[in-house]
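Naming follows writing order (A, B and C), and every chain is counted from residue 1.
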Amino acid sequence: MSLDILLQHLANGISQGSLYALIAIGYTMVYGILRLINFAHGEIFMMATYFAFFGIATFGMPWYVVFILAILLTGLLGMSAERVAYRPLRDAPKISILISAIGVSYLIQNLAIVLFSGRPKAFPQIEFFTRMFTVGNVRIQALTIVIPIVTAVLLAVLIYLINHTKNGIAMRAVAKDHETAKLMGIDVNKTIALTFGIGSMLAAVGGIMWGLKFPNILPTMGIMPGLKCFIAAVLGGIGSISGAVIGGFILGLGEILLVAFFQNLTGYRDAFAFVLLILILLFKPTGIMGEKISEKV
Amino acid sequence: MKNKKNIYTLISIALVILFLLLANSFFDSYQIRILNLCAIYVVLGLSMNLINGFTGLFSLGHAGFMAVGAYTTAILTMPIAAKEANYFMTPLVSPLNNMVWPFLPALIMGGLLSAVAAFIIGAPALRLKGDYLAIATLGFGEIIRILITNAQSLTNGALGLKSIPNTTNIWWSFGIAAATTVIMILLINSSYGRAFKAIREDEIAAENMGINLFKHKMLAFVIGAFFAGIGGGLLGNLLGTVDPNMFKFTLTFNILFVIVLGGMGSITGTIISAFIVTISMEVLRFLDAPINLGFITIPGITGMRMVVYSLLLIIVIIYFRQGLMGTREFSWDSVIALIKKAPFKKGGAK
Amino acid sequence: MTLLKANKITMQFGGLTAVSDFDLEIKNGEIIALIGPNGAGKTTAFNMITGVYKPTKGSIYLNDSDITGFRPDQITKKGIARTFQNIRLFKDLSVLDNVLIANHLNIKSSILEAALKLPRYKREERKMYEKSMELLKKVGLADLRDEKSSSLPYGKQRRLEIARALATEPKLLLLDEPAAGMNPKETEDLTLFIKQIRDEFDLTIFMIEHHMQVVMGISDRIYVFDYGVTIAQGTPYEIQNNQKVIEAYLGVSEDA
């Protein structure tokens, strides 16, 4: 393998990893605050691509306007899901909330099939992102560079929000202990809703860039990325944002390089994430950045 | 009194058999197929309820276990000619290529291999709890599907298998559903069943009462997988075809819906709910298909059925968390109480 | 004869040392109490002995055999049973089932024999049933055998939890605040009850308790914890007159 091709794969891996990271952050934030796997996160990601698709293809709005609207709509969708299907179950056994989350995931997915049909649609190509660059002997699409940059910027904003704003501190407080947070005067429900909103908006950014990168969009397109990004979050240490990013990169780079180096394993590409999940759960269940919590008896 | 109840039970069984006899000769093949599906969902629902409802493990790998059972049974029972026709890309490995087993041993083999798969999966996964277990079993289910897709010379890969003998009939499916029910009842009411329930109620207390958590979780998981494998085998030989796409998470979702609706931890609930869900799935098919009103045809909307189902799942879990039966079971006493009460007051015994 | 011995067991949670260098020795037939303010690390000490937590440091011996790091079920099989500070019954199950479950650890029949109700299993099941009913009679809960355990009044739940622990046939019984939430009359009954089961089942008892009435009335020796450290040990008389204990423990409760 020549150096150029290796660099090409690395660039692909990094941009794939960034996408995974953006989605994984949503999982990790929700898990951190509710101890819940938001099974519907993959579907929320999928809806963002459709919002963007319709904005451009049907309404013909400029892409940057569409992207902002799509991101806001998706945030709203995530918050509504929490309001309708998770909040009533806040004190219910965990298994019930998990089942509700699975229900929401299926509901959104099938609503998408009903509304947008199960046939794939072609995400519009936007010149700004599809342009090709040549760096040395490596030809790279603008998108491949845009994705990691957008991810890095959003990550910086998010970390600032969480560490330096009132809402961010409220989030961390609620994640530690709902009861205590309530006693301190924090509106727990609002904080949880906000967490869902932010997580969903990040997934929306991921979804839109996913659509640009893989223009074949489908109502079922959220399932695999959803599962994989949850795995990325576990890998990095669930509850930890930097962990989710690290997990996303390991998964993205790993997948791309696996297929690049062992072409006969292409059919197993989707299994890679699951194998990784099982290994991490066996050897370091708290993930790379996670803290150990033992149940008080 | 006890005698009387036994007589009631015998009469009920006789009535069910009579119904099946009549159904078998008067129902059309579509209706018979639905009946078969009901019985198969009883087997699948009970097997998942043992793991999720009685032992309290949140496992989502059922479709994977069913796939193992379905493929094993299909490959073992398929006539040699059909095998040659199916595996035209890559021939089936020897000695499977010229081996044909009768249905029952093939089904049991399907169940056993599925149990072996569960053992291999359970060894790492059952050390996890709650939603981690859920995601790990779901992942394993996917891995099984990916392995099946790629093991061309064993499973015919993505093409799947066609012209599997349609061995499954009313007698097989209801016979096995009945056997599964009896075994589950015996198991649940045994000392081991009590240990499973103890784990569901409180793992830490159970472990401190001397129950080896890993061993008992593994027992429930492996036995559940065994019956899931048998259910898968029945399904494959009912439909006549299997392919990797059949065993996606949707299948696990359907079974989960059965046990949630029936009540996690109730055998009676699972049986009732398996019938309700299977039949309504068929009835609600009209939602997906075009409706002809004579003067106008409303085009069908694919996916509508699953929209309704997922909504129902959410509603059940939010408003009727106990499902139809909670952890209660059928007993003649409650039926008698219900009948006695009925003339005076609407509603029934709790 | 020494039944249980702990050598400098220590439990750390992150930066917090919940129990440090706890030395414990319990002889057959003794009733030993562990006291100390809330959060002193008493329950944590129980959790180390019963295998719920693995001690960060130190070792535990039962009848001279090392049980450090064993799983809770293994330790229960070796003869240590316990109750929990905040009652952990199998809530949805009947009173009888709760006790039957604690018999399961000695079952010889395989799951196949159990499911098929083969003779050996039937014999075992009958024995478990008889033993459980007898225990329930002894704790005065036989009439309530079919009630859901969570529907019992608080005091009866405590008794049921003790009956359940007894069903595992322990040599050493650990009771975590058995009199918590009881009125003086109930507390007195409980004190008698503890003595009675000690004699009847040939038990050794190690208990955490706040009611001085119970502690001083029945214990042979007392250990006192403060912030995870053993600040005193001795007979009830010695403890009552120990200056450190009065300061650390009794002093705190006066403030509260």
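Here is the rule we go by: a contact is a pair of C-beta atoms (placed from the backbone, for glycine too) under 8 Å apart; a residue touches a chain by one contact, two chains touch by 3 or more.
These figures come from a predicted structure and were not determined experimentally.
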item	value
Chain closest to the assembly centre - both centres taken as Cα means	B
Farthest chain (mean CA position) relative to subunit C	A
Centre distance in Å when subunit B and subunit C are each reduced to the mean of their C-alpha atoms	42
Cα-centroid distance, subunit A relative to subunit B, in whole angstrom	33
Approximate Å spacing (C-alpha centroids) for the pair subunit A, subunit C	47
Set of subunit A residues in contact with two or more other chains	297
In subunit B, residues with contacts to at least two other chains	204
Multi-partner residues of subunit C (at least 2 other chains)	52, 84
Of all residues in subunit A, those that touch subunit C in their complex	294, 297
Residue ranges of subunit C touching subunit B (in the complex, touch as defined)	50, 52, 71-73, 76-77, 81-82, 84, 88-93, 97, 100-107, 109, 111, 114-117, 121, 124-125, 128, 164-165, 167-168
In the complex, subunit B residues that touch subunit C	183, 186-187, 190-192, 194-195, 197-198, 201-202, 204-213, 219, 223, 327
Touching residues (chain side subunit C, partner subunit A) in the complex	13, 43, 47, 52-53, 84
Residues of subunit B touching subunit A in the complex	52, 56, 58, 124-125, 127-128, 130-132, 134-136, 138-140, 142-143, 146-147, 149-150, 204, 249, 253, 256, 260, 264, 301-304, 306-307, 309-311, 313-314, 317-318, 321
